[in-house]
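For reference, chains read A, B and C in written order, and residue numbers begin at 1 within each chain.
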Amino acid sequence: MSEFLLEVKDLKVHYPIKGGFFNTTKDYVRAVDGVSIRIPKGKTYGLVGESGSGKTTTGKAVIGLNHVTDGEILYKGEKLNTGKKVDVSSEIQMIFQDPYSSLNPRKRVFDIVAEPIRNYHRKPKDELIEEVLGLLNKVGLPAGSLYKYPHEFSGGQRQRIGVARAIALNPELIIADEPVSALDVSVQAQVLNFMQEIQQDMGLTMLFIAHDLGVVRHMCEWIGIMYHGRLVEEGPAEVIFNNPQHIYTKRLIAAIPDTNVDNIERNLQRREEVRIEYEKHFHEYLDEDGKPFPLVSISENHKVALPPKGGEHVNA
Amino acid sequence: MLKFTIRRLLVSFPQLVILSLLIFFLASLMPGDALSGVIDPNIPAEAIERQREMLGLNNPWHIQYKDWVVNMLQGDFGNSYFKKQPVLDVIGDRLTNTIWLSLFSAVLIYLIGLPLGLISGRYNDTFLDSVITGYTYLGFATPTFMFGLLMLLVFGYNLGWFPTSGSVDANVTPGTFEYVISKMYHLVLPSFSIALIGLVGTVQYLRSGIIETKQKDYVTLARAKGVSESKVYTKHIFRNSIIPIAAFFGYEITGLLGGSIFIEQIYAYPGMGRLFLESISTRDFSVANVLILMYGFLAIVGALLSDIILSIVDPRIRIK
Amino acid sequence: MTKFEDEKRKLDKEDHKNLDKEMHETTHSTKNESFNKDRTDATPHDIDTHMQASPTASGEGHGAIDQQSLPRSTPGWKILIQEVIHDKLALFSFIILIVITSYVFGLTLFLKQSEIVFVDLFAINEPPGDRFRLGTDYGGRDVFGQLIIGTRNSLAIGFLVTGISVGFGVIYGVVAGYFGGHIDNIMMRIVDFFMVLPFLMVIIVYVTISPDYDIYSFSLIMSAFLWVGTARLIRSVAIQERELDYINASRTLGSSHIKIIFTQLLPNLVGIIIVNATLNLAGNIGIESGLSFIGFGFPEDTPSLGTLMSYATQTQTLRNRPWIWAPAAILILVLMLCVRNVGEAMRRAGDARQRNA
């Protein structure tokens, strides 16, 4: 068994574009085009990128909601995408982006949270109720929520229900697909904090998908940044934040808001500098298809998608 | 556009094949074959057998099917068992009568239904709207045959304003002006019976379409830009609400072309529907089969027409 | 084609419309909902619960909770019924329906069908009087008795056909919509084919060539053509629903496809199914009475409302003996109006509920 709980090797998810007279496949949308990720046990890996960069597709491919065109997904060294049904749903779980559509509106909280338990264990009803109450308590929902419907809760509370459902089977790996992006900013921090608590309590490994570097910084030990279906930079969080090498990463970091009023001038200036550099040189970081280049290691655990040659002048 | 049409046509083709297969088998389930009407009980069995062999009635089914289709493509739809003449001759002007009835009804449906729908959509929740909505409620609940009977009783018998049966007076000569007038006169009651009930779907659909469109942002924008209220309706709302109605045109025509069996029956109107019932009750299945085939064919054409119209008015369909 | 295709199309059109509306409203409601919820109760609650969770989140405590005393919310279908009860017209229609149904089903326990259809040549075409409450028809048969039995037969076949066709259509549509792709493609081509069949004529042919058909085989043959509307409607709703994450969530939680379809997806379609079934019920009663009217429904010894109406095809009966056909006509009208009223009210209730949910 390897030291990594989850290894994704050169993952590709392509969708055919149908067209023409006989509705044949004309081309492919390369939603994910060669992504490799390794997550050590017990750590949180943040996958960041703009919408359409393929980060959610990656997450869904890992859990088996998307088909995999090519590449390998290894969980505890075991290949998941063999085509055969490998049931890992008790060990890998997902928290969905939209707390509204991810909870069945016709089900009571009890039924929602109990669904995974019922799928794997036969239990008498009152034991089940006990267990669900325990889970609700864990995510900070009052016991009175048990027989309520999802629409009676706020977005943040719904996301807690989603978390309760995801941890019901004591999973080892959780894929959190932008769990707070649909929530009010005021609620985001609370949900993030409590997710972090649960992660530490239960020793969870997490693939945390987000479009907001600020959120990721708060949560993750490792960060990978995606652009157009490929990673452009990957490394430990502090390395990414302190020493970004790719122009895209730099721009993302420059865009993080700062609450310190004294820094306004400085931030604005920096943002402007990065913007100019970005507009001038961004195309040099992309190959002829508009995709990032393959990653190259520039230090022990820091990889960047630099152009094959002549990258020096941009780094200067 | 052309590509869509051709592709849509290709879809219709297998439908036609399956339809013909189905009717072929339905026909083989029906009692009687091409010889049943002809055979004289005095003819010896061997002669009949020879005759059957000659006509290919003993061939395996796929050969019989092939012959049947080939014959139809050459315009030979077989003979009526009962009337002992070619089926096409039996159908003859029944087809034109039905087409006339359907066209009349369609015109009435759109002529009355569209304004009613537009009014009740534009002035929704007014008194006028509740009257129209009440009418559609009643219309949905009334079977056409019942309404037809009522019209026949009131306007045909009690008031005596319109003829109660047939498609034309017996004593007018074809081709004359009187002939045309007489035909129209005979069409009034049947077509109104169909249209007054048939239009409720159009009215309700149009009404809810308009009410929905009214709240769209682009309508608010048009108003905000100072477009006059009547222009907002004619240029922005009606145009968009009528699209689905237009798309249903093909189905509508198909349904009507079927020439409401019930109405033709009630008014003794010599159309295809009545012919179908007549041939069923005289067990003249060769005619009945061809009629089913014709109706099926018309339905396929109607669906085709609707899809093509829809692809013209709504470009999103074409991508699919 | 003709009237019944018409009827079918009317229903389809409506279904389309409902669907559009439904979809429209769903998108709207989600927006409003999120907005309102987050506005009104999100902040206080969230802070509350979080506070509650962090200090003593040890996981005990809940053992002491009395499970029976936990608050329970009203399930959706109860709200639906409440809404219908609040709609006076619908409630009135519903009561009439119940009264008629229980009256005819109750009374037919005491009436003998063979007695009623007994031909009495000495009492032909009698107007209503002491001996025959609603008079007699051309065979001297009691119209009142025929009316009662006819209503029962019409209702029975309406329920039967609706049950079979909606049941099959729902399963067919939900399977096609849930799985999508090639399965959906093939299944929908079959539906397309059924759509263009001149189904009335096929039924008429069947009735003619089938030596012994009864209420069950007749219902089956009718259902064989009437399921397609429901299937199309349910499929299009299922496609919308399948895209929602709760279906994905169920899959990641280890639920099987069958389980997801029946325990997750279908409960969300119940409202649409009920409305569709109700409107279909009205349509089916109409179709059956029409078929009986032209003489291709039930045989004369099992009268339906359409059979009574069919006596009116004789000019003399139509003009001079309204007691034979008018009560049947009124009953058909009342039944169809009432059923549709209830259906429409439920549809409105469904829409409204989605709006405020």
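In this section, contacts are C-beta pairs under 8 Å (C-beta built on N, C-alpha and C of every residue); 3 or more make two chains touch, one makes a residue touch a chain.
Everything numeric in this text was worked out from a predicted model, so none of it was measured.
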item	value
Chain whose Cα centroid lies at the greatest distance from that of subunit A	B
Most central chain, Cα average position	C
Gap in Å, rounded to a whole number, between the CA centres of subunit B and subunit A	57
Euclidean distance of C-alpha centroids - subunit B vs subunit C, Å	26
Geometric centre distance via CA averages, subunit C-subunit A, whole Å	45
Residue ranges of subunit C in contact with subunit B within the complex	1-3, 5-7, 9-10, 13-14, 16-17, 20-21, 24, 189, 192-193, 195-198, 200-202, 204-205, 208-209, 282, 286, 289-290, 293-296, 309, 312-313, 315, 318-319, 325, 329, 332-333, 336-337, 340-341, 344
Residues of subunit C defined as touching subunit A within the complex	30, 33-34, 37-38, 41-43, 45-47, 49-50, 52-54, 57, 59, 61-63, 65, 67, 70-73, 76, 244-246, 248-255, 259, 264, 267-268, 270, 357
Contact footprint of subunit C on subunit B as seen in their complex	11, 15, 18-19, 22, 26, 29-31, 137-138, 140-146, 149-150, 152-153, 157-158, 164, 198, 200-201, 204-205, 208-209, 212, 244, 248, 251-252, 254-263, 265-266, 273, 276-277, 280-281, 283, 285, 288, 291-292, 295-296, 298-300, 302-303
Touch list for subunit A against partner subunit C, complex	60, 63-65, 87, 89-90, 92-94, 96-98, 100-108, 115-116, 119-120, 126, 129-130, 133-134, 136-144, 146-149, 151-157, 160, 162, 165, 169, 182-184, 186-187, 190, 193-194, 197
